[in-house]
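There are two complexes below, and they share chain A, which is joined by chain B in the first and by chain C in the second.
And then the complex of A and B:
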């Protein structure tokens, strides 16, 4: 990336040799032109070295056999598309990992955006005291670290002595043997959804609420005079005006929910002992870090990255279209 | 008719508020009584604690040959300070460049900053693990901090952009008219006005560095070097079903984050909204 900055700097400031009539002005304009690149040099170098170079290296790894033997010998062998063939063939990816990843993300994004929007609208209609209470609560839920939040939900649903088991048993709704919610894929992901939506809706609610306060009240009043009800006003005024904000929170939620790792890995069985519940991220991590099949893990990681790239591309188009209008 | 609807609307609003508060606060609430309860043997016992005790906290803080949670919290604090300071400095440079200058490739850089935010940690952890292993920087808090800076930076630049853009250019021009150099203007005009943005950036990078799990799990295997996220997992691994101790440790991990969020409250989303609506 340093190379790119350097060439770009040269390209934007082509100092022709013969043009030396006004040297002072030329040097000033040269520094002025270089200034953004001077400012960007350090941040871009960090991004290039620790985000861009690794993503190139992981792609390179995905075409190699790279296990313990290769680490020791230092001579990984090229295997072409073998790792991808191994990841894509068989039913495990298509029946288990991909549905886990995609369905989880879809439900989590819809849940987060819907709940976040409802809470934002609720915040707008509340008095100052109730509003402050809800915002404070949302901040606390947002602040609850993913690791601790996950452990609290695991404790609530603990199959031996958790709150849900004991409550259901006291109510006579669950037999004395109890039930392990973490072994079944559907209930496992149900708990993960609760955890993730609980953790990520406050960001959406607070951001949308901040956006709502920027909508001029006159718009709503005019619409009310024209006979529009609350539902119509939401879809005709709030949504169009806040479309950029909705776009941003949906982009970020989708990206975050597709690559959810901690919340799955830390649940019982989520770190590999229950193959039914792995998603793309955890599967890749298992293969690479825990089983030392770095090549195969890298191939799965590249597949996850491609999915995310596709989503990002769609949203970038939406965002930049909005920018042109504004 | 309309009076009756408004009564129902009011009741609905209260019910909705109560439901939101219950769902939002319950997990946080449930953590506390378990942490302080002398009989935290089952979930229903923990719901309303009767025998208050601090023994879970002392167990969490002292257990293990590595020094327990006190050690993990110090490690996390070291990493966090490095990450917050470095991210603020680098993000401010980047945000000023992106908002105050029109240059070739500006859109390209902007798209790059947006796109790298979507790169999954799971994909980067594999090459970075191999790299850190080659550099013998596994179990190094500095190595971990450097990775976190890179992860915090794209979002920090993007978020800070909105705050910098909100500072009127006229103020800068006035400073130039008064004979300020660019650097002097940056220090005396721009910097003080983007402090709210820096507070938001600090809060976000604080949270990322304090509680990050994936890289800490991969890079750190020496218990003396663990940070709080992976420390919690290590604690549960050693003390299966010690929910009291785990929730006490979780409480310790959560408190600093809640404090930071409450302090930074008003600044957290301003940059995003300003950047998006503008």
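And then the complex of A and C:
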């Protein structure tokens, strides 16, 4: 970083003249050192206002008893760790909310990466026209707002007249009464997985495809001469070379899939009328906004943030390791 | 990032709204300095498409009566609760606001509303008020608002289907069940009466009609009572319509009240429990229903009318108002005179006084009288506990309905719900 800016400073400096050289260079390097921060000041201020302040405020709130009464009187009372105690005690968090959040994220991440990789490999082997068509189709799925995507999946699985019901009934696999997929925890999350994986695989596919194009063809040719089949070449060449790319898309997907909100909240029963299917995000929203227990909702949000920070730490480590190798 | 990004945008928009709201306040202050007093009023933007003419009439009338200027600000029902909370927290709220009946005790208990008991008593405004509305505005024996308009639910049905099968309007629960069975047998293409898991108000007449209640009050201490034998009997009857008599569909377990209307509009249901403001919408969406639909009150267990939830709005004065006297004059003007009837008509609701409601109960319109009769004779309010709003926010009752409709026993589901209600109501 410093090297780059220093060289830049030297390059823009006029041809140095003898003894004036040293002091000029020192002041230059000071401005040069400040310049990136000055340039970053505006975005940093925005981040501080939009991210840092809310995080600090939510953390502060999570140690308070803060309901409607406290809002109106303006005198919240500190309750120490009570909110955390309430969130962490009892079986609801451990048996329902946390498994929903974690298992959902694990399945969604694995599904996204696998599907994304397969599509990336497909893209590589296609001709330019077919490739453009596949990329366009994938980008449509990615560009679709989460709200729209969710309603489409809900419509497909509508228990009374959905596409899936009719198909299964025509195939004789479903009784005449049908089945309400949204009331059962497993099938509810099955649909949510389809929705989320379909929505997020294009990002993985296109990122990996970009990575694939950087692998020298010679490696594959050499392996082919040595008699390696496609399966072996994938594991021996593609995966090791693309390891950093895989690391990045995995961690990003994990973060996204941990905090899904819209896709769960908008499904029938997902906004609270089916307590079996809540995840951390929806639970926090319900406590804070629907029940005006802002302190408790904030505590849940802080817990979710901590989990995400841990994942981000892993993400940063992976990135720095990659730098070291390079 | 997606989530945080959205929250950030929401925060920004909220900020912008607050800024503009402050701007409005500034300007209204300057006008008030110029030509006497002014009053700000929040109205929920409901089903009525355009209320400009009504606002103009209200402004003119208010000017004539008090010489003060009336500022009307419309807010969306969906945002209303949040906006009021924000106004309580940060000021910048109105002098008078329309407040949903189920929110009134909550806001009163939290200290956001002005006690109007003295004014209401001395003016006699409350004498003619429908009791359930009066009840909704009462907290700890004091009144914090005056009922402005209200509505209730009944069964909207397909008259043509009933005529075709020679069915009569059921007058008790046994007849209602028989009607469902007949429809199931003779009209297989339509749902006899879908039972929506997401509509707690549609289940209320059956809980109350069997002698049960959501919660009971003993000396200010509320306890959930959905697990009483009466409430359980009512819920068993109601959900068995779906589970045993086939009145409903599997999908309806996760339906909301709007889905009921939707199925009715699409000719998929013969009977649906709906509010009095919806038949107009149904006909607007499907004009072929015109003349084919009717309504009847939800029958009582052994005849008569089952108690039905009476929802609506109160007008209340915010504690932060600088003109409480003027605010009271405005409330009196809006709830007593011609204006209250005009508004109710326009919004598709009913006025809040028994005298005015009587004329609706005698209406020849088959889509008006059954609702008005229900409201006059059997209108009932949810428990007026300040924490009831949190029970609704928690969706305890709909969670219970949904779990019964998907196979949990009534015993177990009502016990869970009742414990949750007790916990919430005694929470703080």
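Methods note: the second predicted complex is superposed on the first by the 296 of 326 C-alpha atoms of A that agree within 3 Å, B and C clash if a C-alpha of one lies under 4 Å from a C-alpha of the other, contacts with A are read in each partner's own complex, and residues count from 1 in each chain.
We take it that a residue touches a chain if its C-beta (ideal position, glycine included) is under 8 Å from a C-beta of that chain, and two chains touch if they have at least 3 such contacts.
Every value quoted in this text rests on a predicted model; they were computed, and no experiment measured them.
Of the two partners chain B and chain C, more chain A residues are in touch with B. By the touch criterion stated above, A:211 is placed in contact with chain B alone, chain C being left untouched.
In the superposition on chain A, A:129 makes contact with neither chain B nor chain C.
Once the two complexes are overlaid on the shared chain, A:159 sits against chain C while remaining clear of chain B.
Of the two partner chains placed by the overlay, only chain B lies in contact with A:43; chain C stays clear of it. Using the contact criterion defined above for the overlaid structures, shared-chain residue A:54 touches chain B and also reaches chain C. By the document's definition of touching, of the two partners only chain B reaches A:141; chain C does not. In the superposition on chain A, A:183 makes contact with chain C only, while chain B stays out of contact range. Of the two partner chains placed by superposition, chain B and chain C are both touched by A:259. When the shared chain is aligned, chain B comes close enough to touch A:33, but chain C does not.
Looking at chain A, you'll find residues 50-51, 54, 71, 146, 158, 160-161, 255, 259, 261, 281, 289 touch chain B in one structure and chain C in the other. Across the complex, chain A meets chain B through its residues 8, 11-12, 33, 35-37, 39-40, 42-44, 46-47, 49-55, 57-58, 61, 71, 118-119, 122, 125-126, 130, 133-149, 151-153, 155-156, 158, 160-167, 170, 198, 202-203, 206-207, 210-211, 214, 242, 244-245, 247-248, 255, 258-259, 261-262, 265-266, 280-282, 284-285, 288-289, 294, 297-298, 301-302, 304-305, 308-309, 311-312, 316, 319, 322, 326. Partner chain A is touched in their complex by these residues of chain C: 1-4, 7-8, 11-12, 82, 85, 88-89, 106-107, 109-112, 197-198, 249-255, 319, 389-390, 393-395, 398-399, 402-403, 405-406, 424, 428. Taken together, the chain A residues at the contact with chain C in this complex read 50-51, 54, 65, 67-69, 71-74, 146, 158-161, 177-180, 182-184, 255-256, 259, 261, 268-269, 271-275, 281, 286, 289-293. Of all residues in chain B, those touching chain A in their complex are 13, 16-17, 20-21, 23-25, 27-28, 30-31, 34, 41-44, 46-47, 90-91, 93-94, 96-98, 100-101, 103-106, 109, 111-131, 146-147, 149-151, 153-154, 157, 182, 207, 210-211, 213-214, 217-218, 228-229, 232-233, 236, 241, 243, 246-247, 250-251, 253-254, 257-258, 260-262, 265, 268-270, 272-273, 276-278.
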